[in-house]
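Next come two complexes built around chain A: one with chain B, the other with chain C.
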Partner chain A sequence: MGALREESAQRGIEDRIDAAWVWDRIAKAVIFIGGISAIVFVISIFIFVAKEGLGFALFDLDKSQFFGSPAWRPTSEPEPQFGALALMAGTASVTGFAMLIAVPFSLGSAIYISEFATGRKREYLKILVELLAAIPSVVWGFIGLTIMNPLIIQVFNVPVGLTILNAGVILGLMAAPIMTTIAEDALKAVPDGYREAAEAMGATRWQVIRWVVLPSAKKGLVAAILLGVGRGFGETMAVLMASGHAINLPTSPFDSVRALTATIASELGETARGSEHYKALFTLGILLFLVTFTINLLADILVRGRKGKKA
Partner chain B sequence: MVEQSKALAPLEKVRVRNLTIRYGDTVALKDASFEVRENEVFGIIGPANSGKTSFLRAINRMDEMTSGMHVSGEVIFNGKDVSEWRNLYALRSRIGVVFPLPVGLPMSIYQNVAFAAKLRGVKKKANLDEVVERCLTRAALWDEVKDRLNSLGSLLSGGQQQRLTIARALSQEPELLLLDEFSIAVDPVTTMRIEDVLKELKSEMTIILVTNLVQQARRLADRTAFFLNGEVVEVGDTAELFKRNTKDQRTTDYLEGRFG
Partner chain C sequence: MKLYTALTLAVLATLTSCGGNVNGGNRTVIQNKGSDTLVNVAQTWAEEYRKIHPDCAVAVSGGGSGTGIAAMINGTVDIANSSRVMKERELKMARDNGNNPVPFIVGYDALAVFVHKDNPIESITIEQLAAIYGEGGEITRWSQLGITVPGASGDEMVRVSRQNNSGTYAYFREAVLGREGNYKLGSLDMHGSKDVVELVMNTPSAIGYSGLAYATEHVKVVPVSIEGGAPVVPTVDSAGNGSYPIARPLFMYTVGEPEGAVKDYMDWILSDVGQQILLKKGYAPVGKL
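Up next, the complex of A and B:
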C-alpha cells in the first residue's frame, strides 16, 4: 500500500518525456502532413492549370468565339479557331442524358436498399453497388464500344452507334453506384423513430417514404445527384470511347458529340508545349475545373447543411 | 358466447390470451391473459424490462417492423385477432400511439396533425384546418402554437412536442389510444394538463396507459395491471389495489416502493 502510493507520487512529480508522449507527437506530425498535403496538391494543381492557360484565356483568346462558335479547329492554318460551343454542348448533352438514367436508377436502388431490403440481402446489395462503383472507366468505355455500339445500330437502325445515347447510358450506369451510395447514406440518416411514428399512424410503406423519409433526406439526395453531375462532367475515357468524338452541335440523341474532357485527353499529347493550341486546351481545363468545383462545392454545402441541422 | 359476455360484463376492447412475446431467446412477456374494457383507462405499471412496451407493440402489430420480435398467443381487438388483419395500415390507423420520447415528424406543426387525416384521404383545406384546430385544442396545445402552425414541429419544447404527438394520435380518431410512459420527457405541470385531457377522452375511446409512475396510474386508471419481469402478476381495480387489496404480495411491495 505504502509502496504503491510512493510510486504514484513519484510518477506525478516526475515530468519526464516517455514513449507515449513521443509517439503522440510523431502521430500528430504525420497526420498534419497528410492533411495539409491534400490541400497543397489541390492548390498547386490549380496554380499549374491557371499558369498554363489563364494568361491566354484572359488576353489572347477570342471569348465570343470560344463561347459562341462550334468550330474547334486548333491546328488550321493560318488562323486556328477555338470555338468550344460544340464541346460544351457535347459534355452537357451526355451528362444530361446520363442523369436521366442515373437519377431514377440510383434513387430507386437507394430507396430499396435503405427501406425494403433487410439483413443479408441489404449487405450483399451494398457490397455489389460498391463493387460497381469500382469498375474502371476504360472498362465502361469498352462496353460502350463493343456492346452498346452494335446494339444501338441494330435496335434503332442508325448508321453510327457511338452517340449521345451510348455515352449517356454508359455514363449513367457509371455514375449510378456512387450516387446510390450517397443517397442511401442520406436515407439511413433519417431517424427510425420517424418511420415508426408514421407507420404507427397507419401510413403505408409508400406513404412513409413519400411523406416522411424523402422530405427529410432531401438535401442529401440533391447532393448525391449533384455529385453524379460532377462525375459526368469530369469523366473522360468512357465518354471519349462511347460518344463518337465528333465535333458536332447535337440535335438528337443519335448524334455523335465530343466532350471537353475527351478533347483535352486526345489532343494534349500532340501539341507543342506553350503553343496556342496547348494553352487553349488548358483553357478548357480551367472551364471544367470551375464547373466541377462549383458543383462539388454546392453538394458539399448541401451535405453540411444536412448534418449541421441535425446537430 | 359473445352475446353472453356482453350481457354479463362491460364490453371488451382488447382481449389477450396466452400472449407470449420473445426477442430471439429472450422472453419479454410470458403467457399473459387479461382483458381491457371499452372506455376505460387501463393502467400498466411495473419496473423496466417488464414487457409493458412489448405488449403495446403487439397490439398494433409493430412486431412487423421490429426484427427478432416474435409474438405468439392471441391479441383480440374488437373481436378479431390482430394477427388475422390483412390490412395492417387500417388496423394501425384505428389505434393511436404516443411514444415515451416525442417524435415530431419532420414537418410543420400543422402538417404533423393533418398527416393522419391526409392519409385517410381528407383533402379539403377547411376540413384539415378543422381537424388541426380541434386536435391541438384537445391536446391543450392550440393556444401556444396557433400563431406558428407553419413552423417545424421539432422546434417545440419537449413538453409541447409530446402534446403535439398526442394531438397527432387524436387526429387519427382512434378507438384505442396507447400511451407509453408519455410523461417521461414532460414537466409536472404539463403532465397534469395532459392527464386532465385523458380523463375527458375516456368517454370516446379506450386508453391503455403504460406508466412508470405508480401515482399516475392511481390518478387515471380504472383498472391496473402489474407487470414484473415479463409476468402479469395481477390485474385489478385500481382503487382496490391501492387499498392494498392485492392478490399477490409482490404487487403490494411494488406499490409501496419496496423494489423497482
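Up next, the complex of A and C:
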C-alpha cells in the first residue's frame, strides 16, 4: 500500500481531497481507536490493579500466611489475618465441580449440533444454547439460593444447601453455552473430506466421530474447556449467592465455601481506600487476574495453533 | 488530601445554604450511608424529615457500618451510620483526609440471637455463644446443648454470621468473643441482617444473630443470659435499661461539628419526634420520651 502511494506521489498523482477522502480518514481513525481500545483498557486495568495492590503484595504481605493459611480475618483486631488458602480452595473446588458438569454436557451438545442435527432442528438448538448464555448471573444465583438450596437439603439430607454442589451445578450450566459454541466451531472446522474419507473406508458414524473428528478438533476442544475454566474462576455473583460464602477448606461437595471473586465483591465496597484490607483485596485481584490471564492465553495459543496448522 | 478538604468545604458551603435562604428549586442533599442495622430507621427519618423540610433531601443507603465509615474516610458522605464505634486507626485516617468524625448516639439496639422457629431451645448463655462462634469453641452440634431440632437433617449446627465489615459482626465479636477473640472459620457470612433472618428461617439447624428490629414471626428469638444469671428476652426496654447483655449504642458520625442543614437534621433526629420514629421501628430511644 505504502509503496503504491509513494509511486503515485512520484508520478505526481495526489489523492484528491474531497468529502470521500475526509470520510475515509475519519473512518480510519475511528476504527483505529476502536481497534486499540481493547488493548488500552486491558493495560490500564492491569496498571490500576497493580498500582493498588502490588507494593503491598510484594513487601508487606506475609506470603506464607497468604498461601498457607485458611484464616481470612482482614478486620480482626489487633492483628488482621490475610490467609487466602481457603478462598483459593473455594474457587478451585467450585470451578472443578462445574467442569465435571459442563464438560460432558457441552461436548455432547457440540457433537450433536455439529454432527447429527440437521436443518431447522440444528438452527433452533444453536439459538437456544446462545439464549442460555444470555441469562444474567444474578438470576442464576437466585435460582441457586431459592430453588437449589431447599432441593439439596431435601434430596441429600444435609443441614444447608448452599454448597460446592449448588454453586458447581449453577456455574456448570453457566459455562456450558460458551463452551458448546466454541467446541462446535472447532468441530465444524474439521474438513468434510476427513469425514467422507473415513466413511468411504467403511467407518460407522461413531467411529468417524471418535477416531477422526474428535482427534482433529482436539486443540479447539481443549481451548473450549479452558475458556470454561476461565469463566468459572471469574464468575462472581452466582457463586457468591450459591456457595454459602463460608471460609472452609472443603472436604466434600456438601461443604460451603467462599470464592476469591465473591470475597472481593462483598468486601471492597466497604474498605477505606489505601487501608491494608483494601490492598489485600487488590492482591486477590492480582492473583485472579494472573490465573485467568494464563488460562485465556493458553486457550488462545491452542486455538491459534489449530488455525495455523489448517492454513 | 487537599482535594478532599476542598471538596468537604464545597459540600459544607452548599449545605449551609439549605437551612436559611434557599433560591427557588435549589435543594440540598445530605448524603447518609452505613449501618445495615440502622438503614430502615434512617430511611424513615429521611422520608419524615422531607415532609417538614421539602427543601432538604436526605439520600440514605445501607451496606454495613464499614461502608459508612469507609465513605466517611474517603469523604463521600455527610453522615455515616454505624452500629460500632470507629476504631482509632479509622479515626486517624479520616482526620488525615481532613474529615473529623463527630459521634452522636441516636439510639440503642438489642443484638438478638435467632434460631429456626421449630427449635426447642429456651435460652442460651453468652459463654455458649462464645463456644459456638469463637475460635477454639467446642460446640458444633445441637446435641451438645442437649437439643434435638425437629425437621433438621443431622445434628450439625449451621452458624450464620455477617460479613467482616459489618458493625454487628464487630460488636458481637467484642461483646461475646472478647476483645482479642476471633470467629471460628466456616460460618455462612451473610451480607445483611435481613439475609441472616431469611437463611435461619429456611434452615432448621441454623443459628444466627442480628439487630432485634429485623426479627420476624418466622424465626425464634432466643433469650440470652450471662452464666448464672436469668435469661433476658431482648426488647426495646431491656436494651434501653441495660439488662439485656448484648445491647449496643447506634451511632451517627458527622463530618466535623454539624452546621446548617446537617445540624438541623441531627437535632431533629434527637428530638422527641425523631426518637418516637426510632422507637416505632423497634429500637430503644436515647433518654426518656
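A few remarks follow.
In the analysis below, the second predicted complex is superposed on the first by the 296 of 311 C-alpha atoms of A that agree within 3 Å, B and C clash if a C-alpha of one lies under 4 Å from a C-alpha of the other, contacts with A are read in each partner's own complex, and residues count from 1 in each chain.
Convention: contacts are C-beta pairs under 8 Å (C-beta built on N, C-alpha and C of every residue); 3 or more make two chains touch, one makes a residue touch a chain.
For clarity, every value in this text was computed on a predicted model and none was experimentally measured.
Touch counts on chain A: comparing chain C and chain B, the chain ahead is C. Touch criterion not met for A:103: it reaches neither chain B nor chain C.
In the superposition on chain A, A:70 makes contact with chain C only, not with chain B. Applying the stated contact rule after C-alpha superposition, one finds that A:148 touches neither chain B nor chain C. Once the two complexes are overlaid on the shared chain, A:216 sits against chain B while remaining clear of chain C. When the shared chain is aligned, chain B comes close enough to touch A:198, but chain C does not.
Looking at the shared chain after the overlay, A:244 reaches chain C, while chain B stays out of its contact range.
In the superposition on chain A, A:287 makes contact with neither chain B nor chain C. Legend: residue contacts after superposition of the two complexes on their common chain; A:295 is shown touching neither chain B nor chain C. Chain contact summary for the complex, chain A toward chain B: residues 118-119, 190-191, 193-204, 207, 211-212, 215-216. Across the interface of their complex, chain C is touched by residues 70-78, 86, 149-150, 153, 157-160, 162, 244-248, 256, 258, 266-267, 269-275 of chain A.
Put simply, chain B touches chain A in their complex at residues 60, 62, 65, 67, 89-97, 99, 101, 103, 105-107, 115-116, 118-119, 165, 168-169, 172.
Residues 63-64, 66-67, 69-70, 73-74, 87, 90, 93, 152-154, 156-158, 163-165, 169-170, 179-180, 182-183, 185-191, 202-206 of chain C are the ones touching chain A in the complex.
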